[in-house]
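Here's the structure, in structure tokens; my notes come after.
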Amino acid sequence: MPPSFTPPFTSSGRSALVQAPPWYYAGWLVNVEFAFDAGLGVAMVPPQLGVATGKGCVHFADWQSCGNDGQELLDPVYAQYRETIVVLEIAPGQGADARFYCPLIYVDQDISLLRGWLQGWPKKIGQTWLTRSLPLVHPAAAPLSKGSRLGASLSVKERRLVDATVTLTDEKTGRLGFLSAPTIGAVGWPDLTQPGIPAAPRYLRADIVDRVESGWTQGRATLRFHEHPVEELSLLGRVEATQASAGWMGITVRGALAA
Amino acid sequence: MPPSFTPPFTSSGRSALVQAPPWYYAGWLVNVEFAFDAGLGVAMVPPQLGVATGKGCVHFADWQSCGNDGQELLDPVYAQYRETIVVLEIAPGQGADARFYCPLIYVDQDISLLRGWLQGWPKKIGQTWLTRSLPLVHPAAAPLSKGSRLGASLSVKERRLVDATVTLTDEKTGRLGFLSAPTIGAVGWPDLTQPGIPAAPRYLRADIVDRVESGWTQGRATLRFHEHPVEELSLLGRVEATQASAGWMGITVRGALAA
Amino acid sequence: MPPSFTPPFTSSGRSALVQAPPWYYAGWLVNVEFAFDAGLGVAMVPPQLGVATGKGCVHFADWQSCGNDGQELLDPVYAQYRETIVVLEIAPGQGADARFYCPLIYVDQDISLLRGWLQGWPKKIGQTWLTRSLPLVHPAAAPLSKGSRLGASLSVKERRLVDATVTLTDEKTGRLGFLSAPTIGAVGWPDLTQPGIPAAPRYLRADIVDRVESGWTQGRATLRFHEHPVEELSLLGRVEATQASAGWMGITVRGALAA
Amino acid sequence: MPPSFTPPFTSSGRSALVQAPPWYYAGWLVNVEFAFDAGLGVAMVPPQLGVATGKGCVHFADWQSCGNDGQELLDPVYAQYRETIVVLEIAPGQGADARFYCPLIYVDQDISLLRGWLQGWPKKIGQTWLTRSLPLVHPAAAPLSKGSRLGASLSVKERRLVDATVTLTDEKTGRLGFLSAPTIGAVGWPDLTQPGIPAAPRYLRADIVDRVESGWTQGRATLRFHEHPVEELSLLGRVEATQASAGWMGITVRGALAA
């Protein structure tokens, strides 16, 4: 076995919190695109990356993830987690393509937390719930068909931070948010031997390959960011849900690229 | 609003832990049928119901549930829960049909806990994980097709109690366990004003209507019950997984019937 | 071993969720007495018990609990839980002594949930946090001395429901809330074979003996009940914290008495 | 406000997962020293730090922690966490003093997880339970006096990993484990833009000042490390509890020092 990819550093590497990529992810996603006052984006978009355009997206995801041998699928406490991803579109300048930046993201398992930090997704622990569409016609199944209603929520440190609802239409739609353009994150760790010097972030994006999708079913959404004494989502001011979708997607991450 | 169906008893009834049925359930189930030494069933089958036949089933379920207005689907912390259901077949005597008895069941939400107690499902809090089949061809998706591997587990009070794995075939199969025959449970509450007198259980079965199913995909399974200082599953001795299946199902419960 | 005191009903009784009393409890409590508009008490005080006086108390408790053999203390996931108890004073009529009624209570372990139901404490699952006073002089110890600041919170279904703070004085004080007078609760279960008929509650109070206390240190408090789509605490309107205390207490419950 | 000390990197720094030190910690600790086959220490002690002596210690801790303004104590979901710390004594060579190395540690809150990583404590999420001694004479209080029995446990990914019991004597005792000598940890992160190159750890120790203690009450202990498919504690082979203690301690961490 190779040396430990991450702490803990044991001689076998077996218990390293994260094993080296590739990392395979497949999940159910509810995506809510929103508009906000672009000027308020300075609270969370690094100026060297550009300025916020006033478009963002919240992704609620119910993932299954594994490494090359797929062992996690046989002991799914290692494979499954839920997360809420917030991304903001940035306008990097003339001639460049649209990109997103991920200022805030919340997950419920430690393995995903660290995988995220290494890719520039600044994860904290949070509890995400999202309705799933089951392939049944039944009042509790919320199937992928017109009129089904889905809900999603995020809570952080015992407070509700995000609430969303989506009512499905019978239309297919395109990709939203981080599904639609490269998404940049910040990686950086302070050095405690010099605690007065904050971390200097480096900007990366995940190196994603082999995407598969089920297609995205359109919906109409409501979205609310609640005030929180620590979390900063409400600094984006009043948000308006502009589009929404739901569906399944699989991706493979094999590392990261400079942004 | 009618008076509170269950505690707490407020004048509005709004915060009653459980509202009156009907209750709608739709979920993903992984079912593992097992054989055990029938004589060991006396540890958990009430003699007045008959004797264990040596056949049982463990159902791992990832449910979505709601009442008539479906509000829970818009705030899914109220709709979703996971549980592990153990049922044992009982032979009630000449000419009678097969039935199951539920001696032990574990769930992760309070609403379902109390709904269960009222139906005779003796629920305790436990953590269930089960791999889901996603409609994608991807290493992390475990789709409903030949060769996909699924895992499931139950933990109670911080100890692993059940582990199971299922490798799917490409065959459809029939109903297993509580999906295949009426399943009886015991309802009873001790009276603390006479704490020396234990509860006298009454035997009921859920009144289930309007079942919908996706069909059941067959699998080969492994199953293990671990020893536990409080839980009693290992009293069934050595178990052998005999059949397995996975799929989606919806049901409606409108009350309970005498067993 | 005697028959199962509660479900599950196995032949050994070993895995019954709750064993027969006596039940021993020792814990750290932060108590906040509050005033509210007495007329609003009709939302949660049964009229046959009397009317609310406009005085209530919230108790935040960090318990350790065991049975006669004390085994739970050797495996403390079975012994420890946290809860938030709301009690309202009721004026039962001329010449009678003050009493409290418990309309709402929230706990984080299943064993305590059921013990509560049997005593008339209408428990639901909720997450309670409360600062502890440690016997150290240190910025993080919040010792039981003048100026120490304590916080407490309750969350239910991923939403903050109660927030309180207490700043200790150097005075000792008397008993507050359920520590000061008998406290009545409602016990009752609907019969699912007749789901149209709600439960008819019976009024009980715990039979408490052998109380030990460390003395209660006085504090000044703030208290806030947040709005919640299901929980009803905010129906008490604007509340004002009138007194507060913190300390340790042990009690034994050996059953229940008619109220 | 200064820039973010850690991710997320917002312009206010308010929601950084970790704020810059100093960090204040006060807690209740149960400490179990153990002997193991020193040769088995190679599984988790980096050779450049020396070799294991065959002595180790497991610390079960119930912490309260805050920064300079102490705000966390008013909202204790931010202040409180429990953890299990494993340290192994290393013999660094002639004339040098005893030191410990921390190969494995498990905590239940994200803030502490990251603070740990920065100090070289390789934390993963795990659930720790430990009996507390309350200042009461009561069957559930486990007071700090002769004959009281305490339990402690650790679970990781739904499996019990460590069980310990301690029976208190009436003797005071000295410091054990990381309380008695500097303790070294490894800090290092892989660079995902070069995922084939594992992290190169740097060895640090926390810069701890201002320790206060309540004194340590001696106990006799039992200790068991369970097998686990991922975690490696059982690679230390058969362990024997040699000493134990319980008490309160406060420390301040103001950064880290090279080991």
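The chains carry the letters A, B, C and D, assigned in the order they are written, with residues numbered from 1 in each.
Here is the rule we use: contacts are C-beta pairs under 8 Å (C-beta built on N, C-alpha and C of every residue); 3 or more make two chains touch, one makes a residue touch a chain.
If you're wondering where the values come from, they're calculated on a predicted model, not measured in any experiment.
Novice: Determine the shortest chain-contact distance, in steps, between chain B and chain C.
Specialist: The least step count works out to 1.
Novice: Copies chain A, chain B: same or different interface, half of numbers shared as the threshold?
Specialist: Both copies touch with mostly the same residues.
Novice: From chain A, which chain is the farthest off, judged by mean CA positions?
Specialist: C
Novice: Using mean C-alpha positions as chain centres, tell me how far chain A is from chain C in Å, no decimals.
Specialist: That pair's centroid distance is 39 Å.
Novice: With chain centres taken as the means of their Cα atoms, state the distance from chain A to chain D in Å.
Specialist: 31
Novice: Residues of chain A that contact two or more other chains, please.
Specialist: 75, 77, 127, 129, 153, 158
Novice: Once you draw an edge for every pair of touching chains, what topology comes out, line, ring, star, complete or other?
Specialist: complete
Novice: Can you list the residues on chain D that touch chain C in the complex?
Specialist: Going by the criterion above, the answer is residues 24-28, 63-66, 70, 73-77, 79-80, 127, 129-132, 134-142, 149-153, 163, 165, 210, 212-214, 248-250, 252.
Novice: For the complex, which residues does chain A have touching chain C?
Specialist: 127, 129, 153, 155, 158-160
Novice: Please name which positions on chain B make contact with chain C in the complex.
Specialist: Residue list for chain B touching chain C: 2-12, 14-15, 17, 20-21, 42-44, 46, 75, 77-78, 103-105, 109-110, 113, 117-119, 122, 124-125, 157-158, 186-190, 192-196, 198-199, 201, 204, 207, 229-232, 235, 254-258.
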